[in-house]
Amino acid sequence: MTDDRIAVLEQRLRALEDEREITHLLAGYGALADSGSAEELAALWEPDGVYDNDEISMVGHDELVAMVTSGRHQGWINGGAAHVNGPVKVTVDGDTAVAVNHSLMVIHEDGRFVVRRATANHWQLRRGADGWRVTVRTGRLLDGRPEARALLAAGARGQRLEQG
Amino acid sequence: MTDDRIAVLEQRLRALEDEREITHLLAGYGALADSGSAEELAALWEPDGVYDNDEISMVGHDELVAMVTSGRHQGWINGGAAHVNGPVKVTVDGDTAVAVNHSLMVIHEDGRFVVRRATANHWQLRRGADGWRVTVRTGRLLDGRPEARALLAAGARGQRLEQG
Amino acid sequence: MTDDRIAVLEQRLRALEDEREITHLLAGYGALADSGSAEELAALWEPDGVYDNDEISMVGHDELVAMVTSGRHQGWINGGAAHVNGPVKVTVDGDTAVAVNHSLMVIHEDGRFVVRRATANHWQLRRGADGWRVTVRTGRLLDGRPEARALLAAGARGQRLEQG
């Protein structure tokens, strides 16, 4: 009886810890991107993780590092950039999870701040030996394209994307 | 003694789960709004729940669905819209709760993104048979109007709004 | 055996509660700032807490209250202002903690909303008799200055800032 109550507590606590770990992982993205912390940003993903964005698509840590160290990204952060995430809705299913959020990329341009991108993000994650890591992040510009809406709808339902 | 310790743990865990469930519920709003998921957005509210915004006021699921499927809302999302929420501060009191946050509505207009609205949001919620649902969401534009400031102050204190 | 399992649960739960209390504390900042709730905003800090921003630096509750009640801040909120925080990444180490996030200050100007500031925030906190409070908040404009990037990198790693 006592053992059963404790086992239930352990299970409920584990569920909260999973969500907190994922939320914590994704909350670090903006700070790592805008500080140019290339290796640490890449380490949010599994070694062969994918970041598929409408501007650029990357597979694996080396390509993620290369994105952060590229002249383009360094130009953003040297000019002033804020990758601001909206709150993440996480759906955990055993050792995999789906998360959804919006993000804004705000840049400093001509002495003022402008919103360069508003993006729909769909995240797929997996729990491995070192904890939760991103397997696939898919981002699409919220400029009316149907793909961005499909990402938000799937993410809100906790659904994985069909792999093409 | 052991039973007491377990009972305390159960109570503390329940408090965290309540806050997580509410945070999770509200975190879905933006993705549902911007993907046009009308029924699922309405289901964040109780069947007779209220969304009182300075632009429009709705009571019940049918009016919430009608808002999302309206030409006006469809125009926003076809043009590109991001309803980005700020972090929610939640105060739970038994089976009711108050939450407060900011939200930004960013739209795509003439090839760039602009902040159409910055809104103060005061949320009232209730725990029912199916979990936490919104009973009243009140939103006011942060354009200097005293009402918006009153919503933020009440929400930060965990106070419900007086019903008119 | 049972006692050990319970002790582990208590410890894990305490870790989640710490993070939740800090997240909750910081989530209130925007609502308190934009509603002009001066005393309550100051109370997020320890009595001798520091808010070091590139525009203004404050030490202690009186100076925090004075900032909120100043003509400058009252001008912002009377015109319309939204201090929107990004998600916080918190690293707790015993009775101290470090947190990092972005914030956007959106103001209403000439009938539209503009992003006046995008800021990198590094927070240091301490657990005292009344719970977690801010000891030092350091904010720097994300306009390309290296200081802002250093705040984000330190915060993402859970590192405290060296005191000058």
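Order as written gives the chain letters A, B and C; numbering starts at 1 within each chain.
What we mean here is this: a residue touches a chain if its C-beta (ideal position, glycine included) is under 8 Å from a C-beta of that chain, and two chains touch if they have at least 3 such contacts.
Bear in mind the structure is a predicted one, so any value in this text is a computation, not a measurement.
Shown here, the protein chains touch in all possible pairs. Fitting subunit A to subunit B on Cα positions gives a rotation angle of 120°, stated in steps of 5. Chain geometry summary: the mean Cα position of subunit A and that of subunit C are 23 Å apart. Along subunit B, residues 2, 6, 9, 13, 16, 86-88, 104, 114-115 each make contact with two or more other chains.
The touching residues of subunit A, counted against subunit B in their complex, run 2, 5-6, 9, 12-13, 16, 19, 86-90, 100-102, 104, 114-120, 141-145, 148-150, 152-153, 155-157.
On the side of subunit A, the complex with subunit C involves touching residues 2-3, 6, 9-10, 13, 16-17, 20, 23-24, 26-28, 30-32, 34-37, 40, 77-88, 104, 106, 108, 112-115.
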